[in-house]
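Note that chain A is present in both complexes that follow, paired respectively with chain B and with chain C.
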Partner chain A sequence: MSDDLSKPFSKSALTHEELLKINRERKIQIAAFACMIFLTLLAFIAVAMDMIAPGFTIPFILLLAVVQFALQLFYFMHLKDKDHEWPNAFMLTGIVVSTPALIALILLLGVTKY
Partner chain B sequence: MATATATNTNKSVLWDWLTTVDHKKLSVLYLIAGALFFLKAGAMAIFMRIQLMSPENTFLSGQTFNEFVTMHGTIMLFLAVTPLIFAFMNFVIPLQIGARDVAFPFVNALGFWIFFFGGLLVSVSWFFGGAPDAGWTAYVPLSGGEYGDLGLDFYVLGLQVSGLGTLVSAINFIVTIINMRAPGMTMMRLPLFCWTSLITSILIVFAFTPLAAGLALLMLDRIFGGQFFNPGSGGNPVLWQHIFWIFGHPEVYILVLPAFGIISEVIPAFSKKRLFGYTAMVFATLIIAFLSFMVWVHHMFTVGIGPITNSVFAIATMAIGVPTGIKIFNWLFTMWGGKLIFNTAMLCASSFVPTFVLGGVTGVMLAMVPVDYLYHDTYFVVAHFHYIVVGGIALGLLAGTFYWYPKMFGHMLNEKLGQLMFWMFYVGFHMTFFIQHILGLIGMPRRVFTYLDGQGMGTMNLVSSIGAFMMGAAMVVLLINVVYSAYTSKRITVRDPWDARTLEWATTTPVPEYNFAQTPQVRSLDPWFYEKVHGDGTMKPAEPMDEIHMPNGSILPFCIGLGLFVWGFGMIMMQMENPLIPEWIVIGAGVIVTFGSMMLHSIHEDHGYHIPLDKIKKTEKEVS
Partner chain C sequence: MSDSVDVSKGLPPNPEKATLEGKNKFLGFWVFLGGETIMFATFFGTFLGLRDGTAGGPTASELFSLPLVFIMTMLLLTSSLTSVLAMYSMKKNNFRNMMILTVVTVILGFAFLGFEIYEFYEYVHHGGLGFTTSAFGSSFYSLVGLHGAHVTFGLFWFITLMLRYSRTGITLTNAPKFYLASLYWHFIDVVWVFIFTVVYLMAIGGA
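Presenting the complex of A and B:
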């Protein structure tokens, strides 16, 4: 336990290398964020443009969604980092548990309303 | 408690308990709150059984009966069994993994108080025009704005608040078990109770979130004019059933897994053998947890979803029987050839096994779709889940109570009274619920407040009611036992009165507030047993004796819980005919107290305190 708890964390407990690493991480995060905004823009354009046929739009935005989801997980939720086995396990569990539930719900609610 | 006097020199006892963040005291708070809710819901059950004792009885009106049915189920599941398992999880997990406390002591207290105030919110519905009356499942449209009265608003908001508390506590337990294990305590050396608690906490995180979402939708429908469940406006009432059971089926495993864990601790301890098939037990638990998310439609077979869907879910449901069977056999093989000691804890634990099997068998019977059209919504279902809930969970909790009581309170419960309680409970239980299978098969529907004479149901209902009174009497014996033992039982000074196996028995009795003066080094599964047999009978320390850093108590968790209570109550006032004060004031007050307390916690620096070395040495000398 560090003795100077009142100092900011970066001063009390981080080495120079760790600080550098955090800065690099920050750049990656911003890049990933910009990338996602771009993808979102694409999705908006695809939906808004009358020129683009719905037959193309729907698979296209679904694909974008999958890419975004992966980006989110890998970059924002740190799935790519080392020593993240536990969080990874939890996130994967979440996906494994919720995907069938969602698919089932979409299919089932389409069949029976009440 | 000795630990209480050691820390506070100038604060009152009440203040100490309101502000405590110590996992052992929170465990006692959970135990008391859970027991009170349990008694309340139990009393309702007795009233219902009096009403059903004879045909066309008029002891309760239909409306009151509906309110009792609903509150009994809701309280038992959310406000009695959940806190009772949390009581044991709180007390036992840090001790079993060799930690000084849970990962976030403040959050631990927060979880308790939010749960408590949520429970209070559901309970005060009695004073404002009646309790919820749509069943614990609150199916729409019965629970929607058109038919459901104010009681349903209490249900929705009270459960929302108490569910929040349950969620925070679960997250805390996950982090604790993953991060706070003593050196050498690998995942595959984790006692089974910790494993099942971990899985339960994970299930809570994944199951209580859909519940929160569903309750939020229902709240929007009821209070803010939403149309999610209103078919007239394009909504879909079946959606509620799906959401509820996506939560609901995991919920039943949330409750039963810790009971499995308790049984897996008690049976080896009183068979004087290690748990048979530890690894298989762990993986069976994991598989059960996974499957429990894949079977929710078995509660909706009769909705008319279609034969293919029904078959898929029926098979998935039956598949759960396999890992459950593995567990049953492992418990049997643990007892096989062991030196069995049948005290109260072991009686409860070992009789858990056959009753649970009966509940499992009827479960698989219910999973067969064609016959479920017969069973559904009859007393057969009631018998099924009570075999699991009472014969399984309640017996597990009783076993845990008798097993850990000496560690928690420093004295044992009286054995004679304990065994009397067990036999009354066990006989009463089978009398009450076995006959309900038959009642269901001859066609008695569940959740009805009376039945006609000449339907051939009178005698069986009478037997069932007499059994229920016996169970009630057994609970009275338990209460007498608690009081009686507190005055007459010998204080325990040894560490390990049962000659048990896991790490919690390596602590001194009473457990000092820091649990372990030195974090122990774990060298094997059942580390305490290992040191008794292969070592010198004491845990090897993993660190030198040093000052111990402890968190300060705080009243803020209490305030946040209170704030949420007031906030929720304000929301309910929006539905009242003539609230005495404008609801916006109440809502505002609640929001301010809640977020103000959070703010305070964020900006107020509190680094806890250190227990100096000489004080630790003094305490250690006193207790050993």
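Presenting the complex of A and C:
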């Protein structure tokens, strides 16, 4: 029975509606990609231009990174989709644990001075 | 969820989660990615804490060049797109397209890796920044090198899958495997977003 799992399919079981839905999703993914390219360009331009003060540039590019992070996770990695409650919980846990670890490392290493 | 499948009915809409094994792999892989997030966060924290400790060696803003990082970013970002498109081909049971897109992903990944090796080579031989030169050097090579190791692993993962399943078509056995490799590849891209921002752009931008 389980041998069937290794057999290829001659056709797809997608209904016409499902196919349309997938094609629409695909377009949204490409739009998300264009958006990410745009954000990346923005970040590089902000840094390359000397006339913008670092006091503005640094928070700005960090914000862009967070937006791109969300785009990647929710669109490319499908976290926004249904059936992704547990993956969301796992990633959130990872981020929650990461945050104090990150802050502690930056602060403590800064204090002890290697 | 049974182990049997009626092949004549056609490939289910979400082949990566059509079997219990696929569902378990999917869930387990996300646990792994949550853990990876924490591991990378500790490396980022270490780098941010130590990056001013140059010990008389070269500083970050002396070494880094914007064009190189830009090319690497574009390569990895595009490979993430081709990998996402490969998964849509998989859902439509278009094996040929999926393979072609995966090959493109791998080529882009190797290009990225090549630039990274070139970058490290330049820093070591012409920039004067070795692994033990300074705290900045150690934490920089650890963080970016760890990411590079992930890229290498991901590339060999893709290649292994493509060789193993070069002639089988999309089955319910290999669909979850391709899907997870693609998730892993996106995660690598996510980490790179923070590397190019926190490591490169912040150093060049003067923070």
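Everything below uses one rule, namely that the second predicted complex is superposed on the first by the 100 of 114 C-alpha atoms of A that agree within 3 Å, B and C clash if a C-alpha of one lies under 4 Å from a C-alpha of the other, contacts with A are read in each partner's own complex, and residues count from 1 in each chain.
One rule holds in what follows: contacts are C-beta pairs under 8 Å (C-beta built on N, C-alpha and C of every residue); 3 or more make two chains touch, one makes a residue touch a chain.
The shown structure was predicted, so the numbers you read here are calculated from the model rather than taken from an experiment.
Participant: Tell me which partner A:A31 touches in the superposition: chain B (first), chain C (second), both or neither.
Facilitator: neither
Participant: So, A:I45: does it touch chain B (first), chain C (second), both, or neither?
Facilitator: A:I45 sits against neither chain B nor chain C.
Participant: Which partner chains sit in contact with A:A101 here, chain B, chain C, both or neither? Use first/second/both/neither.
Facilitator: A:A101 contacts both chain B and chain C.
Participant: First (chain B), second (chain C), both or neither: which does A:T93 touch?
Facilitator: both
Participant: Give one of first, second, both or neither to describe whether A:Q72 is in contact with chain B, with chain C, with both, or with none.
Facilitator: In the superposed model, A:Q72 contacts chain C only, not chain B.
Participant: In the superposed arrangement, does A:L20 touch chain B (first), chain C (second), both or neither?
Facilitator: After superposing on A, A:L20 lies clear of both chain B and chain C.
Participant: What's your read, chain B or chain C touching more residues of chain A?
Facilitator: Partner with more touched residues of chain A: C.
Participant: Residue overlap on chain A between the chain B contact set and the chain C contact set?
Facilitator: On chain A, the overlap between the chain B and chain C contacts is residues 1, 5-6, 86, 90, 93-94, 97-98, 101, 104-105, 108-109, 113-114.
Participant: Can you tell me which positions in chain A touch chain B when the two form their complex?
Facilitator: Chain A reaches chain B through residues 1, 5-6, 86, 90, 93-94, 96-98, 100-101, 104-105, 108-109, 111-114.
Participant: State the interface residues of chain A toward chain C in the complex, per the touch definition above.
Facilitator: 1-2, 4-14, 18-19, 22, 25-26, 29-30, 33, 36-37, 40, 43-44, 46-48, 54, 57-58, 61-62, 64-65, 68-69, 72-73, 76-77, 83, 86-87, 90-91, 93-95, 97-99, 101-110, 113-114
Participant: Write out the stretch or stretches of chain B touching chain A in their complex.
Facilitator: Of all residues in chain B, those touching chain A are 178, 202, 206, 231, 236-239, 242, 246, 290, 293-294, 296-297, 303-306, 309, 549, 605, 607.
Participant: Mind pulling up the chain C residues that touch chain A in the complex?
Facilitator: My answer: residues 2-13, 17, 19, 26-27, 30-31, 33-38, 41-42, 44-46, 48-50, 53, 66, 70, 73-74, 77, 80-81, 84-85, 88, 91-93, 95, 135, 168-173, 183, 186-187, 189-190, 193-194, 196-198, 201-202, 204-207.
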